[in-house]
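Same chain, two partners: subunit A is paired with subunit B first, then with subunit C.
What follows is the complex of A and B.
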């Protein structure tokens, strides 16, 4: 872009400072007021349990019992303090007093009891698994909530924030099926912003909560979440400053370098540690040709994952070493079997498996369903096709949209191979383990155990880890599982994708901690 | 006047069985697409459990037998209720009503611009004695027709929004500026310039080509020679006798395109973040939001029927030989 006088005068001193100070600058005084314009794509269906973007909306309006700090340790939110019994089966939360819902009613332990038992445990499609053991929530007084668990559930400590366990107002939900409650799209919460208006296909508006319990927050008067469906137009709106903040990789990776060079924009990759899309290649293990592990290993050796990360994702991804992404430092291990890029070895393995090249030089013809999340994943499919062609595997790509893809893979189970990602989530129990758990082979359930992988030892490790309250022992179990996953190779762990936000240099106070992307924007303010 | 009124009532009565059949056809056609809304919502959530999917299907009523669902839908239509869009957590009627003005404005303005420009260019190409003018008109309009809409849109954004900073990149109007009255009109107009221009460029060709061909045909007619023979000036003949009759095919085609008023232009609405019906319909298809899609198709078909009726009346106005009966 050429710098004419008009754009140059638009580049303020603050913007120049921001290039060095990035997203936070301790020496600046926060400025109150203003409207932050956020691009939100895709437009969620409601505030609750829909897409990744629904979580960002919800975080402004509702709150969880806790939040997480830099080291992903819980810090007070609606709960001021808590303690857990040594057996891990009783967790007592002491709730904050003097907090009220946006409609003026007081927040009490009854709200926590209702939300946990009737909403989170029953209908949260992701984190519900961590709450399965919660049998009762006792409320001895109006500001104490005691979780009674049938067995320990350590994963619950990763999903107590608004991202997966937003506390909802009992008086508006009780007696209705929670997923059908009309308040889901005009949420009433206790959070820093009050829901104002949702114009479908255009924007969602939230306004400053003047009676928020954190006395001097939020800084912003309003946040407008705008829908801009076209990636090119999104990039343009960011460039012109019409949009200040675009989370969740709003532009194609190929555009990032160009935007990074603009003086009024910053590309931020921190804050996505609880949302690492683990991209992988799955085999249908019911197909006879994939029962032989040599064949699966040959596929793995034939794919140059670094090249995939560099060429398709322009470096906004890195090769995965196993099923659990490295962001989960407390559970991750790199000490597992690797399948380095080695075409000769791949060919040798295929020879060994009795799959010689035919007259056309083809050993194996299989179909491959690409992830229905846009062009990037089609490009990845093409990369895989060209890679595997070199060792005589003819990968026939099928590109579908979301609904038929889910039907074909998880409904009909009629596929040879496919590639997709699962969001690793705040804890691998939610985002990773189901891929290797035989009880997650669920016909008709989206994003379950697609390959149909079943190993009693893996099942034992997974199920024991669900209730293992000792962090060191839990780690040992999941390290063992990661080894088995890489040895058995029911699926090839290709990449850890890196989500990024595009942020205007006028924006200050955006959280960059592990779950930063899903936090309330209450500390955010705009430089003039 | 009476035969015209009788004609109108007769045509309107035909709407009832047609609408009934349209709903029936749509209802079953849409079910042919693999996957349902519960699949999509579970897919968007990133994870699912059998209980979650069952709860969704129960909420949508899609666990009922298909015939029961159809009867329920007809029952609702009779009480002017288009149902509920679960993906959008809103009434179908209110969704359509809230999106319709934006699309009507966009497509309406583009059609008017395209018809005026197209007829003018077509007329120019037909009557000019200079061949290169006709060639130029044909070349320019063909390029406009052949260029992908989204590309024109994005290039306009690059030029007018990013480089020159004259126009906003998208949206209906600036929601945070609190404009009122005349300021709001100006702001909407600013936001409309690029989407309307991109869409009009596409339609202009059609009208220019139609007009040229029709004029060349009409010029050979006996009544044109008669008009010339009785001494009328060439310009008068060309406009009053030739152009008026040559407009008939233009009216036919624009009548058909009024259907586009409600279904909109998906591409333009996507590129310019224009909150219109085209994107609503497109998203409904991708999300398998059957209630919403049925509602949109129902409204579109009603509009097409009405547009055909209006077209017939305009025919009668333009050409006295056509009688409505």
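What follows is the complex of A and C.
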């Protein structure tokens, strides 16, 4: 079979793109060198636990004990191997030898001990809960770290990578409050890139680590993380090739279709499985009009979630079937009560609930607080209002800024309904379960159990799952919880929002696995 | 010699722009009032396919937006809000401005001093920032927007009326009225105010135009009343898709331009109508 090389690679690349949307073409040899320009928005204020974009920055410089593969199984990073005792209360990590910090000091088990006990457990706002059970980290020798847990904590296996548990140099952090340490803005790590320079409001520059323990990595000489606050300017910078990679939905969804049609850009939606914003509609269960489950079900039947995904998010979202996003395949189930779009059913339910239409055709007047995260959520509020109007529910929208929104909803609990999203995170224990746990009804705590939902059976399932070490049994508990959540319907699970990256067609080697967006860019290279 | 009425109207009708503007605005007001009779659905109803360009579907002569909402319905309902905000806010600010100006100019002394320092205080703050702050504190609604615009844009009128009052106060007929022993209230209302009111009305039309623009800016920034359709919020929504469906932002933009132009033209016509000297 003879085929001109150019035609061949063109065809195979097109075929690959068509089949998998992959950014990697198998027949190409990686090219060394060059500077990758990445847009990060918003600009983080430090490397540590600061925002989703801070995580991307940190991942280049620091590393976790493990990384995750395609099926979200841990694979070696700073730890070469590990074993867990049958009761789940002892985890032993055998650390990699010959690794040094960017300042030349050797990496040892003391760094792991310090980071886990003093940093992750105490100041990581998300993954801290999974580390609560870690009581001690023993270091019998300089390259063994043994986690001693008071009870099993299966969620810890989802938060061992640099995204949630970056291992920090003890010699630079010890004795200071970790979040106030000046090294947070000029991080020293063991990772593939070395921090070089941060010009606030402009860019962060990292350079290849010449002594990186993984031979022949990274390919790139430099990564420049640029801040471009205006979405129009961001789109233009991507179009002209000035920026090669923009993670975390850098342009409005309405602009994506246009960019998708350009030959020099690719829109990548994979790699965000640990960062699925689950968008939902919450009822204040303290309000008498929402005590009746049939009224809540009527709301659910009146909302066409596919249309919401298509019209507000331009298809960059899909209807949610329950509280746990489908990306968490090992815990997700679709086999739960669904509330399909059905206006007649919604009207019938409201009639049965004793809520007839008045002279103006209105059955129920309720307020609705929209999520204060920009235009999309205001548009979503308008969509919800129009949907519910069709069945005689008058939704009065209230748009507030973030601080008054949090005060109104979680502080004073003075609302009828609101909509918001919570990030599913690496494990539902971090991002989902608090919505259904009665102990998360915490007046004054932002993003807690807003509806005030309380069901002893749900509590039991959630609390048992915290320490259930057998994956199959843990799944059974959380499947049961998903069923209860959809039956009781304290809140309507509307959509799984889809983050996306915009990538230049010159970029190769970008990870598309579940936590791909938060990985180091050490395998990335640029085609000429 | 013909009466003041006829010459005034005569001067007004000689200003073609003002006549056209007056007719256009009247039509807009009638349409805005009759909106619920003209359209079966309200402006937020998702009635058609999204992104229909103007003229593609005869049911939606101005097209539909990203939700499939009829833009024509939105424009007509938006006119209600723009005109309502424009007229009410202008009325409030003119009333406040006249009151402050007359009291300040007529009584003088420490009252004048106090009121003018207050006016300066309001003038030193950028009006849009001031309005944004008030609306953010009060929660965005038509009421809070009208109040915010009304109570931040009266300074110009106050200054103007104060100057007029100072001039009229010294005129002979006011001195005569004073000598006859008329009460200050009567002198202010009958003699000062009546003579100072025409510049206030002309200024009021300009304020109405700028109030419409301010409301549009607020809605564009997402600080409008989310429960009513306004031109500013239509532009704000259309901005998202400006590069693919520019008509969604452009049509309400044209509506704002035409309305504010018409109001300004009407103001200049009113100036001819009310001020005999302006005709020369």
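Keep this in mind: the second predicted complex is superposed on the first by the 506 of 528 C-alpha atoms of A that agree within 3 Å, B and C clash if a C-alpha of one lies under 4 Å from a C-alpha of the other, contacts with A are read in each partner's own complex, and residues count from 1 in each chain.
By our rule, contacts are C-beta pairs under 8 Å (C-beta built on N, C-alpha and C of every residue); 3 or more make two chains touch, one makes a residue touch a chain.
Computed from a predicted structure; not experimentally measured.
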{"item": "Subunit C versus subunit B on the shared subunit A, clash or fit after superposition", "value": "fit"}
{"item": "Subunit B, subunit C and vertex subunit A (Cα centres) - angle in steps of 10°", "value": "40"}
{"item": "Touching partner for A:359 - first (subunit B), second (subunit C), both, neither", "value": "neither"}
{"item": "Subunit B versus subunit C as contact partner of A:128, first or second or both or neither", "value": "first"}
{"item": "Touching partner for A:52 - first (subunit B), second (subunit C), both, neither", "value": "first"}
{"item": "Which of subunit B and subunit C A:224 touches, first, second, both or neither", "value": "first"}
{"item": "Touched partner set for A:199, first subunit B, second subunit C, both or neither", "value": "first"}
{"item": "First, second, both or neither for A:179, with subunit B first and subunit C second", "value": "first"}
{"item": "Subunit B versus subunit C as contact partner of A:444, first or second or both or neither", "value": "first"}
{"item": "Subunit B versus subunit C as contact partner of A:258, first or second or both or neither", "value": "second"}
{"item": "When both partners are placed on the shared chain, which of subunit B and subunit C touches more of subunit A", "value": "B"}
{"item": "Which of subunit B and subunit C A:236 touches, first, second, both or neither", "value": "first"}
{"item": "Superposed arrangement (fit on chain A Cα atoms) - minimum subunit B/subunit C Cα distance in Å", "value": "8"}
{"item": "Common interface positions of subunit A, toward subunit B and toward subunit C", "value": "401"}
{"item": "Touching residues (chain side subunit B, partner subunit A) in the complex", "value": "33-36, 39-53, 55-56, 58-59, 86-90, 95, 98-99, 150, 153-154, 157-158, 161-163, 165, 168-172, 175-176, 270-273, 275-276, 279-280, 283, 286-288"}
{"item": "Partner subunit C, residues of subunit A touching it in the complex", "value": "252, 254-255, 257-258, 311-312, 370, 375, 378-379, 381-383, 385-386, 389, 396-401"}
{"item": "Subunit C - residues contacting subunit A, complex", "value": "44-46, 50, 66-68, 136, 139-140, 222-223, 226-227, 236-237, 240-241, 243-244"}
{"item": "Subunit B-facing residues of subunit A, complex", "value": "1-2, 4, 6-7, 35, 37, 42, 44-46, 49-52, 122-123, 125-126, 128-129, 177, 179-180, 182, 184-185, 199-203, 205, 222, 224, 226-230, 232-233, 236-237, 239-240, 242, 401-408, 411, 422-423, 425, 430-431, 434, 442, 444-448"}
